[in-house]
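In structure tokens below, several structures.
Two complexes follow with subunit A in common, the first pairing it with subunit B and the second with subunit C.
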Partner chain A sequence: MLRRKRWLFAMLAILPTLAIFAWVRMYPIAETLRLSLHKWDILSKNKPFIGLGNFQELMGDRLFHEALLNTTIIAFGVLIITIPTAMILAAMIHYRTRSRASGFYETAIFLPHVVSLVPAAMAWKWIFDARLGPLNAFLGMFGIEPQAWLFDPTLSVISVIVLCSWQALGYAVLIYLVGFKSLPVSLYEAAKLDGASGPQSFWFLSIPMLKPITLYVSVVTLVSGFNVYAQAFVLASDAQGAPGRQVRVLVLDMLENSFRNYRVGYAASEAVVLLVIVLVLTLIQFSLLRERGRS
Partner chain B sequence: MTISTLRRRTSSAALRHALLGSAMGLAVIAAAPAISAQEISVWSGYPELAPFYEHVAEGMKADYPDLSVKVEAIALREHEKRIALGLTSGEAAEVIELGTSTATRYLENELFNAAPEAVAAFVQDPANFNDFFRDSASYGGTVYGVPLFRGQSALYYNTEMFEAAGLTEPPATMADYTKYAEALTQRDANGNPSVSGWSLRLSGGGQGIAEKFWINMFQYGESLVEQTADGKWKADFANAEGRAALKQYLENVHTLKTVTVEMPADAEAFEREQTAMFIRESWVIGDIASKAPDLPYATATLPRGSIVAPVSLWISGEGAEAEAAWAFAEAANSPENLLWLLDNVGWLPNRSGLDYSAILQAKPALAAFVEYPDTYEFFSLPNIGPVEEILTRTAARLTDAFANASLAADDAAIDGVLMAMQDEINALLQREGLLAQ
Partner chain C sequence: MSSNRSTESGKRRRFRRMLVDRSIDVVLLTFSLLMLLPLVFLVSNGFKTPQEMLAWPPTVIPANPTIDNFAAVLTQTPLLRWILNSILFAVMSTIAILATSSIAGYILAKFRYRSLNIIFALVLATAIVPFEVYMIPLYFQAQSLGILNSIWALLLGYLVMSFGIFLIRQNVIHSIPDELLEAARIDGAGELWIFFRIVLPLLRGALGALGVLAFFQAWTAFAWPMIVATNREAYTIEVGLALFQTGFTVDLGRLSAASALVLVPSITLFVILRRNFVQGVASTGLKE
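Entry: the complex of A and B
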């Protein structure tokens, strides 16, 4: 009886949270799934059911393919840059700086994560500017020709990766710092007694022990990488004239299909594909890192 | 009754009075706007038009002392998004400014109000609007909007740069455009262009790239989409004219290098004397007047004709707000306000019978927009559902083509690009049941 009462109390206590979660998380996902099977222009009252028609069309849509490819490259590019860089920076801050300046380094690295995205992207737009940008001026010192960072099909994708990595780095470093602080000091002392060098301790102790942190950071980074939109939009936008090359990413393509082309059902099917990709990749990451963690 | 009891009673009575007074005060404040003021919102997709709508609202003060007009003018693409969301959720402004080609979808779904009798009569009066503009604000023969202004293109050129290059007249043919661009391009010591001869729209997102390409292709006698006798549509530009239009872009970018994709472009570049000529709508005149008043420039008509993109004011909502919104739309169309619009902002009014002489005298650059040859032709974006998708997808193909240097000297490859563009547009038309046989 007591157990049942406790269970009832627990359920009642958790119910408001579950209700909010269902309303703001589960309902939109369910609605997106439903819409993806319909043809709807956002304005009409009619939403004819078309089965998998939207998904069929996606298979032959070159803009969707381009968006998918760009988004995948950006997401994995950001992941590949962010994880090792964040781990090394966190290690340097944790082990190398015993001074009060460590707080400054943490803040300096975390700052890009909290800076508003649009002004930050505008600043990067200036940095990447082909004619007046400091990046080309810097490269010019080494005799490298000025590059059209925001206009070249390949360089424009790289520019988005750099901007996204710059933003993601602060959060990743912060999480890694928490991880480093929780590592047992005795292990490092034992390793030191056994003659292990700093880099060896980092490689053989820190990296394996930080796997849960790496799992979390990589999932968060990859998911946010697949949701990239504003960075690509701002780097390519301008009041008039010569903005940058529009790097087509999935979210941008979805927005364009929803509100420019009035094809909400079609955009919903893109959202479903994105959801599936992110879910599969997250599961793969979980299984890979957990497997290795166990071994 | 002791003094302390009296004090307690007095203070509790005072508290009650204070609370009652505060509650009544709050009630009066809350009720005040509903009683004394009426507010309507105006949504515009052109930030430079905000002063115009504020000017209209100011002029209405005498007849509508309690009317408050909130003007929200933002970038066009964001404006279109908020309309899609606002109208469907019932949270849109009462007065909405929108081009006809986009408004058609909303009219099909009855999301704009039909005009009251008096407004409909005003729009249908041939003395006020010609058939084209009347139809641009109507659907199925019923008037739904009030035509306001139009986008129409002309050539802007820097007269000092023309003089320095020995050019005395604006280009008259499309071949001239390339010749002039070559002569006008200024280069640095390495031969790279530092001032473009002819600024072309080569990059960015959205449909602007396709629209500008359409304007240029129109000069060669071809259109991106054309209506057939059966009222349906088709794309049929993969031919010599289409090739000439695309090849001109590629030649200028890759062969002659009169312009590069990363160079500053459009009105901003023209105002900073970073380009010698470019094609744009009349609003640039107002923009130059405010940002570069000393710029030596002139305008000219295009070789064959121009795009005309009519924009109207549409009304949503109901009751007193809707009535006030119609009054606002009518007030915006008064000759005084329309001349103010042309003079101060630069957009061309759609209303007939306006006397532009005083403004033309002060701003001769406007002549290319209102005084054109009898043979001058016009085209407008089709009022069909997939028009935005057609332009957006075409823009994506054009961006790729402009970046491909190998196309410049390969006519067969250019034809391949045009054919792919054409097929894609026709497939979209077919999907929507609009493709002509």
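Entry: the complex of A and C
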């Protein structure tokens, strides 16, 4: 009797959350998968099943290729900048934990991660601005010609990478700090007795022991890199002022196909590509972790 | 003689250590200031005249500050309306996420039925799917409900948070012993009473961290508000600002003023809630 009552309570209590979850998560995810196999332009009533037709078309779509390439470059660019910088910064902050300024360092480096994307991107829009921006003025002191940072195809991708790294860094540092705090102190003391210098114990102790954290932060950074949208939207307007056109990214291309070209099924297939990328990255993370656990 | 030498080397070692400490401090301080510099300039640019925007080196404190930019932004755009929309959306989303996460997290932690395991597996599996993947079908759901361009549409995308459910579940497992709940049951307490009077108070810390996380998540949301709010009055501040800058002329002074109006309160809020926030974000790294 009592057992039955408890079961009933558990089911009734979880039901609302489960219903919401099914309604705003599971259903739309399933719908994305289903739509990707259908041809649907918003206006027509019927959505014919076309199998992998959308994906076949994606293979030859130049705009999609451009978006995929840009997004990949941005994601890996941010990764390459963020991970080593974050690790070194976290090591230094951890080393100075007892100093009164460590709270300030942490806050200052973390702040760009929490401020809203768009206002922060505005700050960088000014920095990179070809005419008004301090970056060109600064480079001018060394005799470097002013560059059109936000309009040149290569430089604008670099600008987006810089902005994204500036924002991603704080999160990575924070997670690394948690990692550093969990490392056994005794090991470092032993290394010190054996005559290891600070940089040596960083290289031979910290880096190998923080590998699971590095793996985790890398995957998070890559996944959020593949979802980049706001940064490119604000920073990279093209010459006509159309936002985000200069650096075409996956999410932008997807939204354009859906809401400008009214090709929802096609956009859904792009979303599925994004999902596959994220799944592969996550699987790589788990398999590397498991490998480590076994050895 | 020998003791003399050892103090000598001890002194040298201490001196070296101090030198290392100071140089690390210098590096960290420089880096921290560099990270803050774009935000500092953003605020100060808001107060500058167009002439001063061009100055090199850029001034941190404007020579002759003006509030023209702020006045222009506030009269030309419904900026306050956008801020209000954002606050309303963020607060409602926070409440929804706290409610759903605390109940579901508690049930999934303390009740052991096979059906609950399946539910938990589903929550975990969908946690890694980025919002961008399923936002287009979700848009059509909002459309068929007829709630586009309203707070409800914004809220639809931010009612639940997989990570929140997970976080609360972990917290319940670690901080609430089964014996405590059993004792209450033996004393005749009802399940609802137990949840509200025993479980929730013990979760205060975790709920605080999750709440701050949820608030900032909604406050900084971009892609979803961008597609469901197409009416100028319905924009959130992020969307409003982003579309404001796409006009024909990009006036960086006004943009900076508008951005500063948004940044200053959110940075203040962050500094006040720093501890909660850091705790919440740090716990995202402890998934394993």
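The definition used in the following text is that the second predicted complex is superposed on the first by the 246 of 295 C-alpha atoms of A that agree within 3 Å, B and C clash if a C-alpha of one lies under 4 Å from a C-alpha of the other, contacts with A are read in each partner's own complex, and residues count from 1 in each chain.
By our rule, contacts are C-beta pairs under 8 Å (C-beta built on N, C-alpha and C of every residue); 3 or more make two chains touch, one makes a residue touch a chain.
It should be emphasised that the depicted structure is a prediction, and the values quoted were computed from it without experimental measurement.
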item: Partner chain(s) touched by A:282 [first = subunit B, second = subunit C, both, neither]; value: second
item: Partner chain(s) touched by A:259 [first = subunit B, second = subunit C, both, neither]; value: both
item: Which of subunit B and subunit C A:92 touches, first, second, both or neither; value: second
item: Between subunit B and subunit C, more extensive residue contact with subunit A; value: C
item: Partner chain in contact with A:237 - subunit B first, subunit C second, else both or neither; value: both
item: Partner chain in contact with A:130 - subunit B first, subunit C second, else both or neither; value: first
item: First, second, both or neither for A:72, with subunit B first and subunit C second; value: neither
item: Partner chain in contact with A:248 - subunit B first, subunit C second, else both or neither; value: first
item: Residues of subunit A at both interfaces, subunit B in one complex, subunit C in the other; value: 233, 237, 241-243, 255, 258-259
item: Complex contact set, residues of subunit B against subunit A; value: 75, 77, 80-81, 84-85, 87-88, 105-106, 108-109, 111, 199, 201-207, 260-269, 385-386, 388-389, 392-393, 396, 399-400, 403
item: Contact footprint of subunit A on subunit C as seen in their complex; value: 20-21, 24-25, 27-29, 31-33, 35-36, 38-39, 41-42, 45, 53-54, 56-58, 100, 103-104, 106-108, 111, 113, 115-116, 119, 122-123, 126, 128-138, 140-141, 156-157, 159-160, 162, 165, 191-192, 195, 216, 219-220, 222-223, 226-227, 237-238, 241-243, 245-248, 250, 252, 255-256, 258-260, 262-263, 266-267, 270-271, 274, 277-278, 281-282, 284-288
item: Subunit A residues touching subunit B - in the complex, by the definition given at the top; value: 41-45, 63, 66, 130-131, 148, 150-153, 233, 236-246, 248, 252, 255-256, 258-263
item: Residues of subunit A touching subunit C in the complex; value: 5-7, 9-11, 13-14, 16-18, 20-21, 23-29, 31-32, 35, 89, 92-93, 95-96, 99, 101, 104-112, 114-120, 122-127, 129, 132, 134, 137, 166, 169-171, 174-175, 177-179, 198, 212-213, 216-217, 223, 226-227, 229-230, 233-234, 237, 241-243, 251, 254-255, 258-259, 264, 267-268, 271-272, 274-275, 278-279, 282, 289
